[in-house]
Amino acid sequence: MALAACATGLIAQPALADTVSTKGGIKVKSDDGSFVGEFGGRLMLDAAVFDNDTADNASGTEFRRLRLHSKGKIHGLGYKIEVDFADGDTVTKDAYLQMAVAGGKLTIGQFKQYFTMENLTSSRYTTFMERSYLTSFSPSYQVGVGYWGHYNALGFGISAFNAYQDEDADGGSGTTEGVGGSARVIFSPSLSEDVTLHVGGSALVTGGIEGRNRVRVRAAGHLSDASRPDIVNINTGERSESTIFALEFASIAGPLSVQAEYLGGTFETETVEQDVAAFYATTSYFLTGESRPFNAKTGKFGRVKPRKPHGAYEIAARYDYVENDSNDFEVESVTLGLNWYMNPQVRFMLNYIAADVAEGSDEPNAVTARMQFDF
Amino acid sequence: MALAACATGLIAQPALADTVSTKGGIKVKSDDGSFVGEFGGRLMLDAAVFDNDTADNASGTEFRRLRLHSKGKIHGLGYKIEVDFADGDTVTKDAYLQMAVAGGKLTIGQFKQYFTMENLTSSRYTTFMERSYLTSFSPSYQVGVGYWGHYNALGFGISAFNAYQDEDADGGSGTTEGVGGSARVIFSPSLSEDVTLHVGGSALVTGGIEGRNRVRVRAAGHLSDASRPDIVNINTGERSESTIFALEFASIAGPLSVQAEYLGGTFETETVEQDVAAFYATTSYFLTGESRPFNAKTGKFGRVKPRKPHGAYEIAARYDYVENDSNDFEVESVTLGLNWYMNPQVRFMLNYIAADVAEGSDEPNAVTARMQFDF
Amino acid sequence: MALAACATGLIAQPALADTVSTKGGIKVKSDDGSFVGEFGGRLMLDAAVFDNDTADNASGTEFRRLRLHSKGKIHGLGYKIEVDFADGDTVTKDAYLQMAVAGGKLTIGQFKQYFTMENLTSSRYTTFMERSYLTSFSPSYQVGVGYWGHYNALGFGISAFNAYQDEDADGGSGTTEGVGGSARVIFSPSLSEDVTLHVGGSALVTGGIEGRNRVRVRAAGHLSDASRPDIVNINTGERSESTIFALEFASIAGPLSVQAEYLGGTFETETVEQDVAAFYATTSYFLTGESRPFNAKTGKFGRVKPRKPHGAYEIAARYDYVENDSNDFEVESVTLGLNWYMNPQVRFMLNYIAADVAEGSDEPNAVTARMQFDF
């Protein structure tokens, strides 16, 4: 190999001749591929202007995500460490070791548990600035063990984890500790080159939750701190548990895509039972003809690559809904979006959100914008 | 290109053949220059011994700055993310995307707003361990949009930003939120190879400031926490605003340089008006013959490169002054400095500071030292 | 040099042709070796299940260490910056500049002071998940100046530092500030290729300690927060000081190793005097025939490299003891360990700990496990 020849006779390096590349970050790969070292990050800077109703959301700016990560391979084992430094906090996201087992991947450490589609799609690739309300029920990043496998058009994941959510968590629960398990099955048949069809289902159980068990949503985007009602807020002193099921659907036909998920479940203690449900439907269309990439093996949307030098333009609309049936509480919203993918790594987003909390008790509207890049 | 030839036939790398280099950090550049990934940092470790007067400053050590950064280019767009981890905090400094527009640079994100010369000169290159008192009035790192351009000997910048200052900010204001704009114009004609002349002016307006509007200075260096009077401290419950103008001057003739800035302005609410002014003058001389580098296009001092293996030695003196004319309050100091540039990236500094707060109410003296490196 | 030839004619790079390698992180080295840039990290994820006695230790998981570091050489000077982000904190570990002086190394900045053997051995290479109780008396990472030298079988280090320990420090002291000095002398003669013998001694003095002077131990591993008695807790308002001496011993004969340390000392103020002592003895045996590497120049254990593809297996036992003779208080434990070194950079650990606090007042047992990797 040519570069190996170039590097012979060098100092006692730990490895073979390794190759380096950059897309803004740094990636080094060993000759045989068993070692990879990669350093990168992502930045999302948001601004929001509110037309407030009863709650007083403050217009302003924030770093929604400011993350640095290191990932790669160690003796053939995958690893990733990612830390978010937005707003002066230090929050560990991914922090795991990953092994190839029986054609799939066994993951040990902290990672996103296998539950629902939009939740598992990277924040870099979601259609709107914020995920739908139903993602608030997701366990997100937890310490556990999981396995993801796939056979032909079928994919499935199962994981067991130490349920913990702190106040900083997206969608916001109070501090809770317990145990949980999640599972997801997907079916993504290959219909034609231009058409993707995807269906799937997820289940989540948690138990032995100590402390407050809470699910909050931000009705009108992440800066709408004042319009942030509790959908669930169980704090009886008893241990609580939850059982949640979800269905997912996505279809992509050229520049058009449709995506929808439904979730229903129960939170309970010995004396309390609350039934929740959530639903959203999104449609997106690329004015410039691109098509949303979808990974059929993992059931996640991927990186949009503009066809033309001036980038890709996408318009999108979403209806979003969540309710607590036990006390007739609900939050709903309509979001309109315009995205400009300047290049595959830089995106500007504009969202208009009209939200309705508890049938008119708070009806905030917001115009929000994001600048995003990753490397 | 030779290395490209070396690297052909390799695994499916995302980019072209990329080259790597190190000056202690890591820099990778793609063949066509449109992608760059760079990882680096800086460390400044300080010690101070106080001869206290009325205020009880604690002698000791601190990490003044401990930063890691990632910067580079993404599809030809510049970016930078820099986080400071000194003292167990996590503070975002630069975090922006930058585009070439009409021969200048458009910056979106968090960056130092265009205001005054010493403020914009990197802390790695300032003559003394701490910047002058007048930098306390600078908005420093803020989220906004700015443009910097230059034509021949003229340079100018203008920016609009979301004014926010937390308690950790250098020079310390209370938590404030509002909006602001700043502008700077510089004129740096090329006189001869050995002589630099530079003049400039800056303007800063902020408005709609909610919360306390406060400017503090550390009279005798950054560890002089006890000698840290308020120059401005408006906390009436009304929104406040400020208008500040500043002039800058620098001249370098071989090993000798002179640098001075003047600032004057007003802080006001509906019921309060306070007038402030600040001034400093610095002179520096390289015993070993080096000359302070100055970037005429951006109006900032740069990295000193010692001529000899044993490094460069610089002696310097500064008179520093700030006042609030409305209540006859003032702080002044004289600083003497000795710098040893061990090499272009490692510097040791020794400062003696004799300060006077409010005409003798507190007259602390300090001997401070710094070890600094960057990569 | 071949690669240099490859790289000639390239863009204006700051340095010479540099070579890159990866073992999961990234390392770049300049052609002449005077510049090195290296980015890496370590992750340790722990789980513990307690069989509690009187104190209520919570079974669960935690990131014991989650660190990123940058290190290398700047114009031939060594440097390192390492930050720990475990559990949402930001704690600076190493942060120093290092120079070669008279065959040894002069270190300026924050680093582990020269005191005792296990303390100085990297957490990546210790036999058990947690170091012994006597490490709680170590100053660990402090800002100071130190020199380490070695001549033949003799090694020695001496350092002066700004004593500071915050609540997060391992083994936990209250917040204290003062000054200190430490010294260590080691003798590691080369007996034969398979046999290592090592003896050494350390001394530590601290003085002028303001605030609480406290030494705590975690009786049954790091998650045993409730079984965390004070061995020393002096909080009289007077300044305190301490004088501590320690002896160390290690011997390695093929797969078998024995390691022991003893410590004794005094904490005192004008009105209080407390005498402490600590001791541990460890033995370890590699079922797969490997031998624990030991660096005779620095007196530290090093990285185990498995001989076979399926990794190395080690079994180990430890007796651990600490007492405050002045008030008849003691903590002791027996730990049994099983380690699987999957490869040189990935290790799984299982520890069983039976502890006894103050002669039966609390006797927690714990089973703890760790997944660890570094790059």
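In order of appearance the chains are A, B and C, and numbering begins at 1 in each one.
The definition used in the following text is that contacts are C-beta pairs under 8 Å (C-beta built on N, C-alpha and C of every residue); 3 or more make two chains touch, one makes a residue touch a chain.
All figures in this text were calculated on a predicted structure; none of them were measured in a lab.
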Overall pattern in which the protein chains touch one another (line/ring/star/complete/other): complete
Copy pair subunit A, subunit C: interface residue numbering same or different (half cut): different
Inter-centroid spacing, subunit C versus subunit A (mean Cα positions, whole Å): 37
Of all residues in subunit C, the ones touching two or more other chains: 3, 5-6, 19-20, 26, 29, 39, 68, 89-90
Parts of subunit B lying in touch with subunit C, wherever the complex brings them together: 1-3, 5-6, 19-27, 29, 33, 39-41, 43, 45, 47, 60-61, 63, 66, 68, 85-86, 88-90, 342-346, 371, 373, 375
Subunit C - residues contacting subunit B, complex: 3, 5-11, 13-16, 18-20, 26, 28-30, 35-37, 39, 68, 70, 72-75, 77, 79, 81, 83, 89-92, 95, 97, 108-110, 143, 162, 166, 177
